[in-house]
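Chain IDs A, B, C and D follow the sequence of writing; residue 1 opens each chain.
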Amino acid sequence: MRYGLIGSTGRMGREIKEVFAQHELVLEISEEGRNETGVPEVIVDFSNRDVLPTTLGVCREFRSGLVIGTTALEDNDLASLKELSKSYPVVQSYNFSVGINILRILLRESREFFKGMDAEMIEVHHNKKKDMPSGTALILKESLGMDIPIHSVRAGGVPGDHEIVFASEGEVIRISHRAISRKVFALGALRAAEFCRTVKSGLYSFEEVLRWTQKR
Amino acid sequence: MRYGLIGSTGRMGREIKEVFAQHELVLEISEEGRNETGVPEVIVDFSNRDVLPTTLGVCREFRSGLVIGTTALEDNDLASLKELSKSYPVVQSYNFSVGINILRILLRESREFFKGMDAEMIEVHHNKKKDMPSGTALILKESLGMDIPIHSVRAGGVPGDHEIVFASEGEVIRISHRAISRKVFALGALRAAEFCRTVKSGLYSFEEVLRWTQKR
Amino acid sequence: MRYGLIGSTGRMGREIKEVFAQHELVLEISEEGRNETGVPEVIVDFSNRDVLPTTLGVCREFRSGLVIGTTALEDNDLASLKELSKSYPVVQSYNFSVGINILRILLRESREFFKGMDAEMIEVHHNKKKDMPSGTALILKESLGMDIPIHSVRAGGVPGDHEIVFASEGEVIRISHRAISRKVFALGALRAAEFCRTVKSGLYSFEEVLRWTQKR
Amino acid sequence: MRYGLIGSTGRMGREIKEVFAQHELVLEISEEGRNETGVPEVIVDFSNRDVLPTTLGVCREFRSGLVIGTTALEDNDLASLKELSKSYPVVQSYNFSVGINILRILLRESREFFKGMDAEMIEVHHNKKKDMPSGTALILKESLGMDIPIHSVRAGGVPGDHEIVFASEGEVIRISHRAISRKVFALGALRAAEFCRTVKSGLYSFEEVLRWTQKR
């Protein structure tokens, strides 16, 4: 696969390069400039919303799909992506971790089974994380559809653990996720990029990528 | 609910009595004899297969449903239950834990998502347990549909823990179940008994009980 | 060992009888009265402080040691026990779990190693528990000697889990305890009773029982 | 602190540079050659035993201490280090993780308490790890002084988890360690380097570094 990378010198940019090593990086755009050696099939952008106009322009220029993990997008950003997706496949998500998205599906589809059990969530993150609870904890709670207490532990350099504890009188079920490193998001971006090459224009979520993976 | 209990003096029998305390025990059959004070709507039997003929007879006598958790049933036992279920509702399962059955459904329905992740199971049971791996571990493996390694820890008085670890390069998902006590099976029997009162004749699994619960 | 049991019909009383099954119960005192068939070497009392005068009287009557797990003792109760201990061995503790006491020692002796790591505690108890955090959590925190956050999860019928999470930039250490059932306290009482038979008069903590066990 | 780094371009070398960022790297030796800009107070070497003669020479040249984490040393290597330690402080260990060394001390000092409990170990590592059980698992088992079963789970990209499960009839204690990343070993090397500057000549283990840290 020939791919382009926006924000190639940032932390996520470097992770993506490493994970996409078997693919051909034919376009790099960063603060250091633009380096083009071919025509990308898909553009990957995990940088920030300021760069979005450039990203959209590049997609149109090369008629390529887009995988975008930029967070804190605003309504007009999402509208622009929607517009772009009329012509090209666009995968947009705030969380490209395969595991977290599996958990979201599991929780949503099994929420009826957990009715009548008590449930609480425990999330552990490094002590530099400022938000509490984590955005991912909120997403998981929403998937579960129950208003459960969330306990936030802030300790050391933990990249991110989430655990939901369900308990009835006689038993305990735990469903947990642990990010080993930031690499997990780059792996999700790779899946999304591969998905992009096989689908028609349209706006897709990461869950659709997952469901597609499962059919292969 | 008026219920009858076969094997009322055994360990499970006592658990059932405690959990069914709000219901009316109108028939008790044990080694100590038979005590009848009314007409049961459902018969509960978690004793052993030797008693099965008595149990079947009692169901016909009172035209009542049956919840049967007896293990190690043989083919002809199952055939007798099948026959009985033509006239009355029969719930038969080797595991009446709600949680384990939730896990079975979760694993079966999500197995496609876990493709490509490594998976192993760890189960912990008391040091008097003779079989290894546990029957429940085998059931869970079957639900997952992957031939995964099972690690059996035998330690102290642990009633029964099962955990499946899934891992990819960048993340770990754990799904675990812990039985707090034997009571969990009595609680499952109660759900099944309530289910029995609402359905027509037929042979039902505990999963059907669960799905019915979820619709209420 | 010949032992006496105060509060023999309560929940803990029944657990103690079961765990002490190999020993000779020669004195029972409960709401149902007093039943005496011999001279006890040690008296066990896990009931409540109202009964304390009776208990003290019985110890003097039979010149026997005392194992007392009654909680919420007041200053004058403790003074009476102190007085009794001048003549007989008395083991007094608010927590007779061997494991929790092992953890207390571990935490106290290793607290210096954990300096510089972040630490938080998570405790899980059944949803009927009223106090939050648990008394045991507070005891463990005191042993650690650090003022750490305690997260209290209240769910289902969990008898009692306590976990301390330590984390630095590069690693996580967890030390956890789980009570399987109330039986654990009866097992601790048994150790304490055996200890009582071997020591002179004096007031002992459960930790001293533990250290004695380790030397055998 | 002015330090020298042997093997500065390898994976551990890069971790060490990052973690030692506040200190002055005045000597680098790697396959790419030697770069010297000052006199190191301590030399750090986590490369491989082929380089040992160079490392020893450099220590004598600069009259500096040594922190050496090279594994698979042979008897004559250890003898050379012993010889060097007559003149300079040398810290040698196969595992510079603070946490694992804390666990070793905990287990060694509390082994008597765990007598009579069942114990088993579970270790989880990435699926590329070839040895089974892990070297660290063996070290921990040795510290515990009990011949316990070790279950090795090989899954995904897990850097390294170790957990020891102790259980009696009524309770379970778990002591676990998780490496978040390779950085943990570089952090240990930093502590050892700081220790080196304060002690006289001699051969030290990482445990002595830990005990020194705890006194500060």
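By our rule, a contact is a pair of C-beta atoms (placed from the backbone, for glycine too) under 8 Å apart; a residue touches a chain by one contact, two chains touch by 3 or more.
All values reported here derive from a predicted model rather than from experimental measurement.
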Most widely separated chain from chain B, with each centre as the mean of CA atoms: D
Comparison of B-C and A-C by number of C-beta pairs in contact, larger one: A-C
Interface residue overlap between copies chain A and chain D, same or different (over half shared): same
Centroid distance [mean C-alpha coordinates] between chain B and chain A, Å: 39
Chain centre separation (chain B, chain C; CA means) in Å: 36
Inter-centroid spacing, chain C versus chain A (mean Cα positions, whole Å): 49
For chain B, residues that touch 2 or more chains besides their own: 156-158, 166, 168-172, 180-181, 183
Chain B-facing residues of chain C, complex: 156-159, 180-181, 183
Chain C contact footprint on chain D (complex, rising order): 97-100, 102-103, 105-106, 109-110, 112-116, 166, 168-181, 183-187, 210, 213-215
Interface residues, chain C side, partner chain A - complex: 117-120, 122, 124, 127, 149, 151, 153-158, 165-172
